[in-house]
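As structure tokens, the structure follows; a few thoughts come after it.
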Amino acid sequence: MIKEDKKKKQQVDPNAGAKKEDVMGPWKIIWKRLLKNKLAMVGLATIIVVALLAIFAPYLTPHSPSAVNMAKTNAAPDNVNLLGTDDLGRDYLTRLFYGGRISLTVGLVSTSIRLLIGVTLGGIAGFYGKRVDNFIMRLADIFSCFPFLPIAITVVALLGPSIYNVMLVIGLLGWPGIARIVRGEILSLREREFMEAATALGISDFRKIMKHLLPNTMASIIVSATIGIAAAILTESALSYLGLGVAPPTPTWGNMLRSAENQFTLRFRWWLWIPPGLAIFIVVISLNLLGDGLRDALDPRLKQ
Amino acid sequence: MGKYIIRRLIQQIPILIGVSILLFTIFHFAPGNPLASLFSDPNMTPEQIQQLQEAYGFDRPAYEQYFDWLTNMLRGNFGRSIQLRQPVSVLIQERMWTTFQLAFGSLFLSLLIAIPIGVISATKQYSIFDYAGTIFALMGISIPSFFFALLMIRFFGIHLKWLPISGAQSPGIIYAFPYNIIDRARHMILPLAVLGLTGAGSLMRYTRSSMLEVIRQDYIRTARAKGLKEKVVIYKHALRNALIPVITLLGFSLPTLFSGAVIIEIMFVWPGMGRMQFNSVIQRDYPLLLGINMFLALLTLTGNLLADISYAFVDPRIRYD
Amino acid sequence: MKNLLEVKNLRTHFYTEDGIIPAVDGVDFSLKPGQTLGIVGESGCGKSITSMSVMRLIPNPPGKIVDGQITFDDRNLLTLSEAEMRKIRGNDIAMIFQEPMTSLNPVFTIGSQIMEAIMLHQKLDKKAAREKCIEMLNLVGIPRAAEIVDDYPHQFSGGMRQRVMIAMALSCNPKLLIADEPTTALDVTIQAQILELMKELKEKLNTAIMLITHDLGVVAEMADYIIVMYAGRVVEEANVYDLFEAPKHPYTVGLLNSKPNLQRTADRLEVIPGSVPNPLAIPPGCAFNPRCPHVMDICREEMPPLESIGGERKVRCWLHTKKEGAK
């Protein structure tokens, strides 16, 4: 009975779309579905606002993130310093904006590294199968044997704390998840008729992968990339909080939270630790909301 | 069943070798000398430094060092900590139980929260309860655990003064039974709550989606057509099936569990492996660091294996395949 | 003889994001004790929804029975409480489904799944239920019943699982068995065996059967009486001989012609042109009009009524019903 119902819906979609507009591309359909998801739109809007604040930080604040003012340290919020100042008298709101730059950059770059490695290896494994697949997947098993934070702490400690090392570590350690997803999808796509047709036409392997297989895995890649950025931002903040990530004086939300190590700050100066913590929380939850929304929009079957 | 376990055990061997090679390579090619902190000691003579280098085998070729390390490990010798001057295996043994208390205690707490909420969310999909549960889960996933810990410390520890915020027991006082247990339990509440609540999020989402998948199945319709009560349909027929993937996930969630434990141990000055690892990072105690990482990898592999075996136990379809 | 089941003006609608789907839109039929009723139609015509409505197992949301009356044994099922309905499900009305591979719970033994219903409805203890269960497994022709009762579903073939489903369904001596495409997922030889078994058990236990299928061969074999459904409505009903002898509705004709027939010497099978209409945009007038070879102007404007054309035969078609005042 439920099956019958589903069939009906499948029949409905193309027709219903065709009536409203002539032809709707798949991305347009996805976008329309996403628009309907209020939580995802809130997430998207938040991310855009935060990104704009970070990008245009220099124009939004009269302060410099590194301007020390020893005459006004640890000041409470006032008209000049909307979120007060830190222990060196730097404007905290300004540092929060600039910190967003670092956190978002780390999230984007490390996820790109992850995607690059994960999609390449996963694609190769899924396409060539057999021994290549076996080798790559065992490699993935090996990488996923390490609890992430302990090994990340170890590697960052060995390489020395810097923003580049943080991005590299998150990217290098996080690829197996993406690789498994891409491999799984390509394995199942490879058996489908259109790939047989492609083989019959004598299309090269590279073209087959780039033109026919990868575009079909885009949906899963986009979803896991969105959620991956969120995870990367969390990891960066944790590492920076521990003093193993981005080193001061460069502000990131993680290392700004270090101020809470000071008991007096934790007790009496909420503006020095609540805002960066909230900033991480809000960006990460927004990305997760968007990721969930994208998943539902890309695969409505999963939603029900 | 026995055969299956043995086969799975054998499959773990190459992975374990891979893990050891990878770890060794990372450490070997890392910049900086692990003994640097000792070298900076002005009382050390060049001869002593030379002796130390030889003692730790740092002067020999990489592959020889690797095989030495590997064979030693097989004999249960994980090396010696440079800073603590004790065998790594002894140090790990001392700390691992406190870490396990935290890790498995929080896992239990997560399950206790996640499974009922996940099941009810799925059976009442799109209800207020479902939305509240989903948002709660999303918050658990999205809040940085150290920020959450800070909030808890600030509120329950500093503001209300209800709970201790550091260590595993009150320092300097030796309580008689049962106060020693109560004292330890009070110390555990905050770290457990932080780890358990943040961990419950993903488990809940997983339970919910697994349950949603299962209640669409034909055999659930069969169960309803038999005239069973909805409770029996959900908690007997659906839940048994929905928990199969959740159990698997549990085995695979060990790495996440220990990841979370590291930062929480540091925040709450919990005397476990995570804290020891952090100290070994700060002090560049490479043998200890290497040993801990190897131990964690081993633990993860064991977890995966347990997940596979328990999967075979709960899913009758696996047993005979 | 009194009717065992009487369905009047049943309407079951589904409320989806894209609009309301009138999956069942005013269906009437009845069934006498011991009789077999075949409900025939293409997938999506509402025949399965009809049977799930009788069981009151329409998932709500999105589905809802919005109108009608289902009288079973002098009781209107639609006004019963959920608890009263549960006493009927599996006990007075039992059901078997299309997919024997997925209709049994993979984590419980087949014995425990059959015993569950017996213990629930017949108030037997575990031991007696087990005996009854083994008896039922023997009855449906499963060899070594006493041994395999503790096996799991995955250890059985599709045909065997369908036998298990039948044993489970008949274990409480239901007055009505709803069989939703019981043989569609099975191999042809197994199909014949299962149909034979159902026929045999029906004689033995005097169970009425509501047989839902798209396969005309199956209904010809099994049914006493047939209703043909199209787009949520009954388009034709007749006893099995009349229907196969002289189908009246163009849709029924099309269905019969698209089936291989040894008596007919045509070189190729005919197909019904077009496809099942989009349930969100059912054409005005007769739903079949876009595919009908005999379509007339009136078919596009007004839905024909389901009218008796002598005896127990009814058809919903302007070819056979003259619009009042039209002539």
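Note that the chains take the letters A, B and C in the order they are written out, and that residue 1 is the start of every chain.
By our rule, a residue touches a chain if its C-beta (ideal position, glycine included) is under 8 Å from a C-beta of that chain, and two chains touch if they have at least 3 such contacts.
Here the structure is a predicted model, which is why all the values come from computation and not from measurement.
Engineer: Using only Cα atoms to place each chain's centre, name the chain farthest from subunit B.
Structural biologist: If we average the C-alpha coordinates per chain, C ends up farthest from subunit B.
Engineer: Two chains share more C-beta contact pairs than any other pair here; which two are they?
Structural biologist: Ranked by C-beta contact count, first place goes to A-B.
Engineer: Give, as an integer number of Å, the spacing between the C-alpha centres of subunit C and subunit B.
Structural biologist: Centre-to-centre distance between subunit B and subunit C: 53 Å.
Engineer: Starting from the mean Cα coordinates of subunit A and subunit B, work out the distance between those two points in Å.
Structural biologist: About 23 Å, centre to centre.
Engineer: Any chance you could list the residues of subunit C touching two or more other chains?
Structural biologist: Answer for subunit C, listing residues that touch two or more other chains: 57.
Engineer: Which parts of subunit A, given as residue numbers and ranges, touch two or more other chains?
Structural biologist: 1-2
Engineer: By residue number and range, which residues of subunit B touch two or more other chains?
Structural biologist: Within subunit B, residues 221 contact more than one other chain.
Engineer: Touching residues of subunit A toward subunit B in the complex: what are they?
Structural biologist: Those residues of subunit A that touch subunit B are 1-2, 138-139, 141-151, 153-155, 157-160, 230, 234, 237-238, 241-242, 244, 254, 257, 260, 263, 266-267, 273, 277, 280-281, 284-285, 288-289, 292, 302, 304.
Engineer: Given the complex with subunit C, which residues does subunit B contribute to the contact?
Structural biologist: Interface residues on the subunit B side: 126, 217-219, 221-229, 237, 240-241, 244, 314-317, 320.
Engineer: Per the contact definition, I'd like the list of subunit B residues that touch subunit A in the complex.
Structural biologist: My answer: residues 14-15, 18-19, 22, 26-27, 30-32, 138-139, 141-147, 150-151, 153-154, 158, 209, 212, 216, 221, 254-260, 262-263, 266, 274, 277-278, 281-282, 284, 289, 292-293, 296-297, 300-301.
Engineer: Quick check: in the complex, which residue numbers of subunit C touch subunit B?
Structural biologist: These residues of subunit C touch subunit B: 55, 57, 61, 86-91, 94-95, 97, 99, 102-108, 116-117, 120-121, 152, 154-155, 165, 168.
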